[in-house]
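Next, two complexes with subunit A in common: one pairs it with subunit B, the other with subunit C.
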Partner chain A sequence: MSAQQLAVPPPPIDGFWSGTRRSFQTMIRRNGFGLIALVLLALVILGPLYSVVLWAFAERWQYPSLIPQVFGLSFWERTFARADIAEALPFSIVLAATVTLISAVICLPASYAFARMKFRGRQLLLLSFLATNAFPRFGLYISIAVIFFRLNLIGTLPGVILIQLVNTLLLMIWIPTAAFQGVDRSLEEAALDVGASPLRVFVQITLPMVMPALSAALLLTFVNTFYEAQGALVVGLPRIVTMPVLMYSLINSQLIVQYGAIVSLVLWAPSLILLILAQRLLRGGYLTAGFGV
Partner chain B sequence: MTAAAPPQSSPSWRKGIIAYLMVAPPLLLMILLIFIPALQSTARTLTIDVNGEPGFSISRYTAFFQDPISVSNLFFTFQVTLITLAAIFILCFPLAIYLRFATGKLAGAVQVLALFPLFVPGIILAYALIRFLGTRGTLDNVLSIVGFTGYRTPYLKPDAIIFGLVWESIPFTVLVLTAGLRQISDSLIESARDVGANSWQIFWRIILPQIARPVLIVFSLNFLGIFGSYTIPYLLGPAAPQMMGVFMQQTFGQYRRPDDAETQAVITFIICAFIGFLYVRTVATQRKREESE
Partner chain C sequence: MAILDLVRLDKHFGSVAAVSDVAFTVSDGEFMCILGPSGCGKSTLLRMIAGFETPTGGDIRIDGDSIVALGANRRPTAMVFQKYTLWPHMKVFDNIGFGLQLRRLPRAEIKRKVEESLALVSLSGYEERYPAQLSGGQQQRVALARALVLEPKILLLDEPFSSLDAILRVRLREELHRIQRRLNITAIFVTHDQEEALTLADRIAVMNSGRIEQIAAPADIYANPASLFVADFIGAMNLLEGEASGRQVRLGAVALPTPDGIAARQVTVAIRPEDLVVLDGPHPEAWSCAVEQISDLGHYRRAVLEVPQLPPMKIYLPKSLSVQERAALHVYPRRYLIYENGGAPREVSRPLPAAAAALLG
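== the complex of A and B ==
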């Protein structure tokens, strides 16, 4: 069967499939579907970012000019001279790093167990982490907040860390589990056969092979946590104010447009790192791993 | 040496315990912060009545459904969710089909743009959309330059919420749908054609079942994401009616009525329970199938 297929070039498919294909090809060629999609997407996706970038470098920008009348950086100084911003930015970075670290410490051993050990209910327990996605998120935050309210955890650092940890579980377990499962066992066995200790095998053979996936999981967790605003808003206020939470008030009291624009640009930096690594993250399937697919 | 044979079960038993200990921390965290809050909130809405008196009662639910504001907010949330979902599918299906068939630089550029929102956090998007869609925003500005002066901003109207939520959902939806369409190989269609299937049968029997799971995942996750959203509806939407996320936060944070917020949260759980179940089941069967392959 397969030899036959190899020998004879496949006959042209007719009917629905090639019909669809052909009609799409003509659509692309004649109607320029791709071109229309490109132009529309460019307008809708990039359009909103246009004025944010320009506002961040504008000294004076009066309607109806399409670009600012005066460019300059004086608002950058004023933005970072604000006590709330100067305080929230380093705090947010430390908080995101802390949550990522705690998440790694509790999730990585678990993902190793899920990938390598046999125990009853393994598959079911692994799937149970999908629950973090299966609730309407904000309803869940309110439900958690009501409990925290009675436990006096509202407005405390442990409260914010806990609610942000929940969001990291699926990603921090599923990506590493898949990576540990994908390790070629024969290499490890060969190393054990020539007398290497299990620890040495893990450090020198297993770890390097799962490292790309682990760093992707760490990076994505850090960035997601850095931008996590809703849980921190419900549980953290009034005493704990992260940078994204501060953004809510900067947007609501937009007397000076530049503040919001500059903070948006600065806040966008971690995403820029993801964007630079996008192709690698996409190929590894990491970008959708947080959704369980 | 011979005596060592029977206690074979002892090390594996111990190994099982170790595995459970390794998966326990994240599991415990999830139970404490997802299952217990959800169950406890649900139980409390039934065992503590609207006046805070203990005893079985559905008075908190009747109070919710007798309050016109609560009902209109719930209805509004439904409305926005369904319209947004429809818009997502109408936009993303053609895009996914295009990306499945097209090759070359144009398709590459379309893909980059379609995935770009993945790298723009919600809070920055909200700010950007205010500057883009608002009165005297970029869109208003451009339209007035080309001579169109009747621009009425969708900002603080439901349309702006829908715009923002669709914007956020494009990358995930396109990624999952395109991946699903890629699963259908030309040779599969060809062999179906060989045994005499017509176009309609091919569409119903081969393409649709193949794409059913991705469609279900996209549908359920987007539904849950929209129903449980906060940032976009809070910053871009009207003051009334509100989406449930905004309503809950106002009840909890502003009016300081945690019990009422809890009832609202549980109502969103109940509405989303089936969708959440659908999501978990779809991902579970997909994984089972992938593992058996």
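== the complex of A and C ==
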């Protein structure tokens, strides 16, 4: 057989494009309502973002113009010259990292136990971590604050760390538990069989296979904690001020809109980067590779 | 060079006895198959030898030394699992070399041994692949290489080919046979596939509900199944319920002669399809029957016969014999086994009746 006979003819380009156009038209005809809903949704989600981004780079923006009259970066310098921001930003990063670390120390061994051991009340305990997410947060915080007040934890670092830990439990237990459950027992047995000690099996076989999911859980927890404001607000004030708490007060009590907009943008960037990273890790694929054919 | 001894081995899960009172010896270089239906305890037995389950009672000895107290990671056994158990984050080289690295072998030697074992399973040059880049058959070959590279005293195989397709399964089975013979390694192979057991094993241990029913060479097991369960489980068999009286067993409208001394009234007669001889005409001692169904299996034909008042009977017909469905046949059981009360069977083997000739086509 010659090479020419084997070659696949290229797809007709005209047909491809006209096909696309036709299907786009049918889509509009069939899903007109859906498209309108999509546009409205985009407006609702992107509208505020648009306004925030423009405000951050606006020198002067007066109603009713749709875009600022004067663009500029002078407010960026003024924002970062503020003492409260210069203090709150590094503090917030260190705080989020600390909470994530403590959460990992508590939750990762627990999630391993949830995945690998059978004990009474396992399901109930696992479900109980949903509880903090099942009720209005603020009510929960207020009642916790009452207890913290008696324990002299209000306005202290340990108090803020404790209340932010509550928020991390769900993510840091559920994702790793699912990941550990996803590791086939017989893969660990196979390692034991060739002579690895149980500890080595965990470090060299189990851990690398759950690493993508664990990293994702750690990243998400860090991001969530970094943005956590309600708990920090209720328990931390007046002495502990995190970035999101500061942003609240900047937005609520400042006549200069740019401060709030710039701080929002600054806070938004790390989460975007980390979420993209987390998604990469979860898609990394070797969590599931190798089990199938 | 290793001899495996199982001494009155028991395993209970709560009140359920998974393995009870199993005792046998596997001699050096022997290929032993443990054969039984799913749930009979054969995998549990293997996992106890590997160290993944702790026996409730009894002892496991390799070359005379008990290994029960040793963890799975300290036993001189290596296992090939039913599932694909290559570590997905390691290349083929590291999968095979992992056990050698744990033993702190020099790098050059690890490399040499990994290459050797890959050559043994005909996968030379696959060192740098990841498991996900291999087919199911290749993955199980790598798993075999991973087990063999450690030069274990006992090789354990837990239905390693059951997730592969039929053609691949036969090919890998032959390859395993060749490798086991070449290395002369003591091996225990667990399977529910009797064809696999009959072709691979030096000896077969047939298991049923946690107990060993019979241990013997494949030909022996086939010719003389020690219990009704084995008779039913291994090979094709016609099992007929009958009533013993005097010197014969009544089976519906027909009867078969028996040796003396059957105490039980209810017996089961087992006849292999190939022990039913087709005669050239009617005879007082032959059974007249109709051919109900014929399946062509290539080099021979399998037919189902209808004998009045008996369950359908299987028989093999040579291709040269031109018999159609619904035709009348006269068959003569040349050899059969009589089982009473679960004990060992009585074998009856008799010549063709006088003045009758087998129809050979």
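FYI, the second predicted complex is superposed on the first by the 243 of 293 C-alpha atoms of A that agree within 3 Å, B and C clash if a C-alpha of one lies under 4 Å from a C-alpha of the other, contacts with A are read in each partner's own complex, and residues count from 1 in each chain.
Following the convention adopted for this analysis, a contact is a pair of C-beta atoms (placed from the backbone, for glycine too) under 8 Å apart; a residue touches a chain by one contact, two chains touch by 3 or more.
Fair warning: this is a prediction, and the values are worked out from it, not measured in the lab.
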| item | value |
| --- | --- |
| Which of subunit B and subunit C A:D184 touches, first, second, both or neither | second |
| Touching partner for A:D193 - first (subunit B), second (subunit C), both, neither | second |
| Touched partner set for A:L38, first subunit B, second subunit C, both or neither | first |
| Subunit B versus subunit C as contact partner of A:P176, first or second or both or neither | neither |
| Per-residue contact with subunit A, leading partner among subunit C and subunit B | B |
| Partner chain(s) touched by A:G236 [first = subunit B, second = subunit C, both, neither] | neither |
| Partner chain(s) touched by A:G159 [first = subunit B, second = subunit C, both, neither] | neither |
| Subunit A residues contacted in one complex by subunit B, in the other by subunit C | 291, 293 |
| Interfacial residue positions of subunit A with respect to subunit B in the complex | 10, 13-17, 19, 21, 24-25, 28, 33-35, 37-38, 41-42, 44-52, 55, 63-64, 66, 106-107, 109-110, 112-114, 117-120, 122, 125, 127-140, 142-147, 149, 162-163, 165-166, 169, 172-173, 227, 229-230, 233-234, 237, 244, 247-248, 250-252, 254, 257, 260-261, 264, 267-268, 271-272, 274-275, 278, 282, 287-288, 291-293 |
| Contact set on subunit A toward subunit C in their complex | 184, 186-187, 189-198, 200, 204-205, 208-209, 286, 289-291, 293 |
| Complex contacts: residues of subunit C adjacent to subunit A | 50-52, 71-74, 77-79, 81-89, 98-99, 102-103, 130-132, 135-136, 139, 143, 146-147, 150 |
| Subunit B residues touching subunit A - in the complex, by the definition given at the top | 12, 15-16, 18-20, 22-27, 29-30, 33-38, 40-41, 94-95, 97-98, 101-102, 106-107, 109-110, 113-133, 136-139, 141-142, 144-145, 167, 170, 172, 175-176, 186-187, 189-190, 193, 198-200, 202-203, 217, 221, 224-225, 227-231, 234-235, 244-245, 248-249, 252-253, 258-259, 261-262, 264-266, 268-269, 271-272, 276-277, 279-280, 283-284, 286-287 |
